[in-house]
Structures are given as C-alpha cells and as structure tokens.
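Next come the structures, one after another.
The same chain A turns up in both complexes below, where it pairs with chain B and then with chain C.
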Partner chain A sequence: MSLSKAEKSYIQTGLLSNPPLRGDGRTLDDFRPIALETGVAPLANGSAKLIIGQDPHGGGGGTEVLAATKLEVENVQDEGADGGRVVCSVTCSPTAYPNLSPGALDDLQYDMTTILHQTLFHPSLHPPNLGIIPGRKSWLLSLDLVILSDTGNVYDALFMAARAALWDTKVPRTRSVEYKARQSGRNAPKDPATMDVDPEEQSGFATRKLATATDFELADYWDEGEDLGGRSGWPVAITLNLVSPTHFLDASPPEDSAAPQKVLLAFSFPESSHTKLQAIRSLGSGELNVPQLKELIATGEKYAKQLFSALNSKLKEEDIRRSQKARDRFAKR
Partner chain B sequence: MGSRVDLLNHAGYREDGRTQHELRDFTVDLSKHGHADGAAAVTHGLTHVLVTVFGPREAKSRAQTMHDRANLNVELTIAAFSAGERRKRSRGDKRILEMAATIKSTFEPVVQTNLYPRSQIDIFVQVLQQDGGLLQACINATTLALVNAGVPMLDFVCAVTGGVYSTSPMLDLTLLEENDVPNVTVAVMPKTGKVTLVTMETRLHVDRFEEIFRLACAAAKVLHKEMKDAVRHRTAELVSAMGAGHGAPDRENTMIMDES
Partner chain C sequence: MITFTSYPTQQDYSAHSSTKHHPDVAEDVHMDLYDDEAFAAGAKLTLPGEYLTSSQAFMRGHGTYVNDEEVIASVAGTVERVNKLVTVRPVRTRYNPEVGDLVVGRITEVQPRRWKVDAHSRQDAVLMLSSVNLPGGIQRRKLESDELQMRTFFEEGDLLVAEVQAFFSDGAMSLHTRSLRYGKLRNGQLVVVPPILVRRLKSHFITLPCGVDLILGLNGYIWISKHVKESDQEGEDGFDAEAVYSNKNDDIDTATRIAISRVSNIIQLISAHFMPLTGAILLEAYEWVVEQDCGTKDLFQDDLGDALITSLRARG
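The block that comes next holds the complex of A and B.
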C-alpha cells in the first residue's frame, strides 16, 4: 500500500501524540482479535487456520493464513537424513497481493520462506520423533503455509499459524519389522558335525550393534498417532513497528507503510530453561543502535510471552474441542 | 485401488453412500475476503475452492488491454496439501495453465466484457482441498464470485461432472470414482439452456454420451437453484445490514428478483 507524505505524517503524528491515537482506536500494544482453528485440512497430518482482525460481525476480512503439515517416508540412503528432515514453504496467493506482478510475488514468498524455514527448523528445535528406522527410513515433515489475504502484520500471523499446525501434527505410530533366518527347526540340518560350517562369532571389535530392522509397518491404533515432539518449543514471533522514539504492534496496512522500520523477533519459551531468542530481523530502511536494540528485545520478550500464553491456552482448548468431537462421533456409532 | 472398491453396489449405492444421481453436499460462503471486490468459497463434498475477483480495473500491462472489451485474467493456485500426496505445483505447471485457460474460455461468452473496454477482470482461484470434481467446483465458485463482485453476466454458469460405471450414469464424482470411471464435465447456462463447456479427459462410449450429457444438464439446473438461493440470502443479509430494506434495493438484488 503506497501512501502520500501527508497521509504518512498524519499517521505518525497520531502515533506519537499523547495519548497515542490509531485509526481503529487501539492502544499501541493492542492486537486486533485473532481467530484460530486447528484441524482444518483433513488430508494433512496437522493444520491450522488463523485470521487476525476478522470483522466481528462475521463479515470476513482480516489477515488470513492457512498452515498444514504433511509427513512422507524417505529413505535415509537417498535424500533423507537420519532422524528426519523438515522443510517449510510459504505461498502467497495472488488474492492477498492483487497489485503485485507474478515475479514480485515469487520474490516475496521466497523471502518469507527463508525467514520461516531458518527460524522454525533450526537444529535446536528439531523434533525428536521423526526417525522411523535408524539409518534406513525417516519422516520428511513439510510445512506449507498459504497467505489467503494480507491486511497487515503477516509475519506474526505466519509464525502463529505455523506453531498451531506443528502443535496439531500427529506422527503415525510405527513398528519395525525384522526378517530373521530360521535358526533351528525342521529345515535345520540334523547333525551339524557332518557339515563344515563356521560357527558365527561376534567379533570383539564390533562395539556397534547394527540395526537389524529392515522395514516398518503402521501400528493399528485408534488415534492418528503421537504428537510431534518438542511441540511446546515452537517459537512465536512479534513484529515491533518503530516510529522513533516509540513502537507499536499489529500494524494495519496504512500504519504498516507509515512505519519506516520494523524489527521481527522470534522467541521460544521452553518449559525447562530460559526464554530463547530464536531469530531477529530488521525489516525496512533505518538504523538501530545497540542500546535501542537491547531495550526492544526486552520489551519484545514481554509481548511475545503474553502472545505465547494466549496462543497456548487456545491450542489446548482446540485439543479438547477436537478430542471431544472425536469421542462424540465415536459414541454416536 | 479402485478394483477392490465396489463403485456401485447391487443395492444402487456408491462407495460414499450416495445413489447414482445424488450430488454431494454443496455449500457456499460469500463473505468478504481481504481487499477483493467479490469472493466465494464453495465446497462440493470434500473439494474446497476459494475464488476472488478483482475488477473491472486497469490492466497491469498495456499489452493485455483490448480497446473494445475487458480482458479476463484467470490465475489458479493449488495448495500443496490439498491432495492425498503432497505436491507443489509451480505457476507455470501445464496442468494449472490448462485449467485456467478452460475456466477463462468458459466465462468469456458469459461475462459482458464489452461493457468495460480497456480494462481487466482478475479471477484468482485457490484450491484448498481436492476430492474430485475440481473443475466443476472452480467454475461454480467463479460464477458466484463474479456475481458477488457485481460483474454483469448474461447468466449463471453451473458445472457438474457426470460419469458412467459400466452402463449406469453417475453424477458429481469423487476422486476415487473419477480415477476409475469415464467422466465428462459440463457447464450450463441454466436460463437459456446453453452449454459453455464440455470437457473430457477419458474415453467415453458414444452411445452413453447423450444420456450423461442430458443428466448433467438437469443436475446443473439443481445447482443453479442452490447458487441463486445463496446469492439471494447474502444480498438480503447485506440489505438488512444497511437498514435499506424498505428503500431502493441494490442492483444485484433487482437482477435476481427479475429472474425469479
């Protein structure tokens, strides 16, 4: 959205006045209402739909992001990695950016893909249960996000949707299958002494026990599988829009173009240890000095913590709602 | 896979419990979407398509403008997670381009493009879930999105897929049926009974064609009623929201009232 100088200055003056004034009457650290639903894509292993700033009267609108994860089996020998692989991709629907040319749209989605992939799939966050058979088979987790419409604050929405979809992801239970030659039985030679066979001996140097499992099968169980490991560690992001000397959250499109610089901070809040800053990115033109940045990180953490706990309680609520729904359906049979 | 599933059992039921001529659950959502001038989300059973319409507006490039009529620009995107197996199709994928071209040629004779010279109408189709009947869902959703955007059209376009299992015709095929059964997609303008699209990717016996074709045309009339109801409901909602129910009804509303 391009604004004239006068419009920009009008918005900036409003933000800097005392008390600060915004177009929709929010305070500087207010978010628009966020709507979240998990399990929206029946063919995916985990999915979520997130809308920021939907019209409260059911009229639609707002920033809308759809996220879904899919699991595929990979051979470790071919392209897979031991312990599983994860890839992330963001697709911008032309609906969300009707004024961009296809080339610009590709650039934009590449940029978003890079930020999400590097942050979410950092080795420190790698889910522990993506391996199937060590050294042979593993899961490839692909997270696809589609931006259906953008009315500001798209990065926060992307990270929240990604977190919700990953939270919702269920990894199917597997059982490894072993093929063993029959040691004794009807076919075994009656008298081993008549045949010249070396007895199999374990070498003293073989300290490594090779996995003998060759294939796997899916365990038949009532639910879709176990939760993806490390689900509480997935980060949330917060975009601080800077209009020096102050900053504000959840920018609407005109505010977005009136703020010259933004800082994107992604925090994860592991249960056991301290808060971790997973990513930091400065967007737009302008510069920041180190003391300013320190202060922004400290305030960003505070906001992210609130967002994180709100998102968590919503995700838990969704878990209950969906398991309740599944139980009801089961009871109806 | 299909050979193990009985597509039509002796009692006359299909694998999802429908009878031969039964359509799947059809839902329409015409609520506002982002900055779009008109939007429609349509589901046929588990197939889910979202279409947004922008325009008529100035074309992005001069090369696409035509001096006597508007240009229809159709862009199709298929979500990677929409099908059973994950597959990311790029914008230049042959299949996507072909489907977009089919949608465009279906709507060119219906949309009154001559009213908007030197402009462009953008139709963005986003496929969110697929379970057979993708083209029919795209066409029905596009019709509704165009109506919602207030783009003048000669008539609705209602599409439906028909197939034949040995000798018994079936309507609105799921993915499982579509893979196994010769099928044809027909798009009809229900008021005049004109047909704007007949497309087939499989081979179908010529003796069976007429039967399926007639059946699909009849089914399109049923869909037309549903679509008209959805538009009327939405318009009534908007009119009551404006508090202008007693005053002059808007243009979209009168168009529909005339029709019935």
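The block that comes next holds the complex of A and C.
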C-alpha cells in the first residue's frame, strides 16, 4: 500500500506523541478483535480459520487465514522419516494481494512458508506420536495455510491459525498387524502362514514395539483419534512494529507502510519447562543492535504470553462448543 | 489487550433451499413491469436472477440478461428505466464518475505531462499537467521546466482532491485541480467506504465543530483532517505554491487527533451498517459519542456500535 509523505508523517507523529495515538484509537499494544473457529474443514484432520479485525457487524475486511492439517501414511524406506515428518506450506490467494504479480506472489508465499516451516517444525517441537511402525511406516503431517485476505499483521495470524489447526489435529489410532508363522515352523504342513490380528489391545504403544510388525490397521473407535502430541508446545508469534524508540502491535496496512521495520518473535510456552524463544526474524529495512533486541525480546515475551493464554482459552472454548454441537446432533438422531 | 471473539454465526439457509412465497403472494411474483406505475413507484430492489420484465417489450441494459424472452437481473441493485431500456444499478460497485463530481484520489504513476490517479473507478483517472495550478500564479502557461519537475507537485502515493473534468474516449476520467479548494491533502487520514454511500450534497467540504474537516469524495474516499481556517486556506495573494504542494503536516494537537480517529471510526461503523453518509448524520453521531463518553476504539464493540446506529436510525 502506498502512502503519501503527509500520511506517513501523520501516522509516525501520532505513534510517537504522548500519549501515543493510532488512527483507529487503539493503544500501542492493542490487537484488533480476533475471531477464531476450529474444525472448519470436514475432510482435514485438523483445521481452523481465523480473522483479525473484521467488522463485528459481519462486514468485510480483516486479515483472514485458513489452516488445515492432513495426515498421510508414508513408507520410511521411501521418502519418509522414522517417527514421522511434517511439511508446511503457505498459499496467498491472489485476491488478498491484487496488486502483486504472480511472480511476486510466489516469492511472498515462499518467504512465509520458510518462516513457518522453520519455526513450527523445528526438531524441538516434533510431535511424538507420528510414528506408526518403527522403521517401516509413519505419518506425514502436512499443514497448509491459505491467506484469504491481508489487512496487516499477517504473520501473527498465520502462527495463530497454525497453532489452532495443530491443536485441533487428531491422529488416527492404529494397531500393528503381524504375520505369524505357525509354531512348528517350516516343518509344518503346507498350511500357509495366516494373518493374525494382534489380540492385545490394552496398550497401543506396546504393540508398536513389536519388531515383527509389518503392517497396521486403523482401530475402530468412536472418536477421530488421539490429539497430536505436544500440542500445548506449538508456538505463537508476535510482530513488534518498530518506530524508534517505541514499538506497537497489530499494524493496520497504513501503519505497516509507515513503519516498515518489524521484528517477528515466536515463543512457545511448554507446560513443563520455561518459555522458549523459537524464532526471531527481522522484517523490513533498518537495523537493530543487541541491547535493543534484548529489550524487545523481553517485552515480546510478555505480549506473547498474553496472546498465548487468550488463544488457549479460546481453543478450549472451541473444543467445548464443538463437543456440545456433536452431542446435540447425536441427540437429534 | 488481546480479545478473541467468535465468528458470526452462520444463518441456516437449509430451510430456504427452494423459493417459497406466501400463497397470497404467489400470483404476484411474476408481476410485470410493463405498466409505467411499477417503475414510477420508487426504487425497486432486485436480487440476482430475479425476473424483471419481458424482453419483447423492453431492451436489456447493464446489470441484466435475457433468458427465455425474460429480462433478468444479474446483480443486486435498483431497477432503472429509460424509455424501453431497463438497467439495474448495482448496490456494490466501483465508482461511476460524472462530470463535476468531487473525488479524492491517490497518484499511482507519473507519466509524461500527466499523472495517473487511483479514484476507486474501473480505470485509473488522468490528471493532466495542464489541469493543475502551477506555482507562481494561476494563469501561467506551463513550461518545459514544469514537465521536468512534475514530482515536485505530485508524486506516487500522494492524495489529492479534484473534480471530474471530462471523459476520454475509453471512459477514463480526466480530473482537474484548478481551484483553491482542490489540491494535495495533508494533516489527516483516509477512510474508504462503498461509493454508493456518499450522496451528492450541496457541499462535499464539511467542517465539524470538533475541529475536523471532512472531504466526502463521491468515489467513496473520505479525507478527514485538521480544520484549516478559511482565511489561511486562501493565502495572501490567492495562491501559495509552497503550502499547496507541501508534504509536511502542521502541528496537530492531541484533541484534534482523537477527534479525527473518532470521526474515522464513526464513518467505518456507519458504512458497515450501510447507511448513507451526510454531514448531519456524522455530526449527530459525533455528538452521541461525546455524550456517551466512550473511548474511540470502544465503538467497535458490538453493543455500543449498535446503540449508536439505533439512535441514528430512530432520528430518521
């Protein structure tokens, strides 16, 4: 979005004045309202849509992101990895960036994909339950995000949507299957080896450890599966827009063009241990020195914590809403 | 402060999968617009796919198509008729310029002897170098040096207020800023609303008593800025090039800034409810907000915004 010099200076002066004033009356650390819904794509293993700053009256506007995860079975021998793989991709809808050429759109998509992929699928965050049969089969988790419209602060929206979709992801329960030769071994009569389903069922993990397991089947169970492991550890990101000496959150497009320098910080808040800084990105032009960055990380953590707890309570609320909805539907039947 | 809200609940359309009418109405559904009274009875709203009239008696215009000898609306809007031509003027559309309209635009490109201006129309508007006021007197001829320093007048991204002067053969509009009230914009911020919400008024320059000037562009671009006194605007000898093409803002105090953002939020709220904007409505809304003593951003909360709209509607 191009701005005139007068608009730019109007926004910058407003941000730096005392008290700081923004075009829509927010304070520096105010977010626009965020609407979130999980379970929006019935065919995905987990999905969420999120919109920042929509008109509360159902009008248009706002940064809208749709995120969905899909699990596929992979052979470890071929391209898969033992314990599962995760792949992330971000697609920008051309309607979100109507003034970008297809080439520029590809570049933008690529940038976003890289940032998300490198942050979310860092080994430290790898979900533990993506393996099916050790050394043979595993799940490939693909996380796809689509940006449907962009009115500023798209990175925070992407990370929040990704977190919500991963939170919502259910991994189907599997049970290992093995071929059992008859006790008598080769001397046995011509009777062929019979396929046998492992009778033990009390622990899915125990059956997985069987080294002889060659294949698996899906356990028939009432829900869609178990939660993706380590789901409380998925990070949230916070973008600090810098107008030296201060910073603000959730920039609208004019503010974004008036203050192009940004720092993106991704934090994860695992239940068991300390807060972890998962990623730092400096976006836009301009430079930062170490003391500045230290200070920004400290304040960024505070904001991220707020965002994290707000998002968590919203996600739990969504879980309750959906189980209630499912129950109602079941009762109606 | 971070707040999460729910998505607005989707309405259940499953009950409306087939069009149903009340038994009494069923016969009137195919009411023909043949007689003139139907057209004269004020604006008729259509939905896409709605039957308008027979194609044997009428000609189809913009926003309609013919199927099985019936003229059918292809957009949602108001039906208009000129003699035998039936058109539908869509509710949501880009700006359709008319000569003499006041518009607010943004420079997108500097070309030889002309600027391209985004004015929310289907094509970029054109502002010729010969239709702006050049520094050093209004009635000066343009020189070659002016052509070489066009960016000192307007550069990419600059906002300006102008009037539609004429049309080119391809339908693009030509603008002019040959008035002291027109020219570059500063000291404020822009709000964009659907063009249909800005009606033709006696004056599109509105001054609110809270020290805020408004320029309601007919193209839906609204400029909200600090109030400038009439006498300052003119300058001593009628035209002050320095001030007219300046990129620097004046000092704007906190109260004015708050008023500007409050007005811009009110405009966004009103446009979200699709109410037409006039100076009177804005003034009313501003007074209401001051009376309620709410913060600027609180307007975006559902209940407060709804209360404002209800009070505006009640006034009529």
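To be clear about the criterion, the second predicted complex is superposed on the first by the 306 of 333 C-alpha atoms of A that agree within 3 Å, B and C clash if a C-alpha of one lies under 4 Å from a C-alpha of the other, contacts with A are read in each partner's own complex, and residues count from 1 in each chain.
Please note the rule applied: contacts are C-beta pairs under 8 Å (C-beta built on N, C-alpha and C of every residue); 3 or more make two chains touch, one makes a residue touch a chain.
All values reported here derive from a predicted model rather than from experimental measurement.
Colleague: Taking chain A as the common reference, can chain B and chain C both be placed on it without clashing, or not? Answer clash or fit.
Modeller: clash
Colleague: Using the touch definition from the top, say if A:310 reaches chain B (first), chain C (second), both or neither.
Modeller: second
Colleague: With the two complexes superposed on chain A, say which partner A:23 touches: chain B (first), chain C (second), both, or neither.
Modeller: Once the two structures are laid over each other on A, A:23 reaches chain C alone.
Colleague: Is A:149 touching the first partner chain B, the second partner chain C, both, or neither of them?
Modeller: A:149 sits against chain B, while chain C stays out of touch.
Colleague: Of the stretches 60-68, 204-212 or 222-230, which one in chain C hits chain B?
Modeller: For chain C, the listed stretch overlapping chain B after superposition is 60-68.
Colleague: Of the residues on chain A, which ones does chain B touch that chain C also touches?
Modeller: Overlap of chain B and chain C footprints on chain A: residues 55, 57-59.
Colleague: In the complex, go through chain B and note every residue touching chain A.
Modeller: Listed in rising order, the residues are 31-36, 39, 46, 50, 52, 54, 60, 75, 77, 79-86, 88, 91, 122, 124, 126, 128-129, 241.
Colleague: Residues of chain A touching chain B in their complex?
Modeller: Chain A reaches chain B through residues 41-44, 47, 55, 57-62, 64, 66, 68-70, 72, 89, 91, 93-96, 98, 101-102, 106, 142, 144, 146, 148-151.
Colleague: Flag every residue of chain C that touches chain A in the complex, lowest number first.
Modeller: 1-8, 106, 108, 156-159, 184-190, 247-249, 252, 254, 257-258, 261-262, 264-265, 268, 271-273, 295-297, 299-302, 305
Colleague: Which residues of chain A touch chain C once you look at their complex with the stated criterion?
Modeller: On the chain A side, the touching residues are 2-7, 9-11, 13-14, 17, 19, 21-27, 29-37, 49, 51, 55-59, 254, 306-307, 310-311, 313-314.
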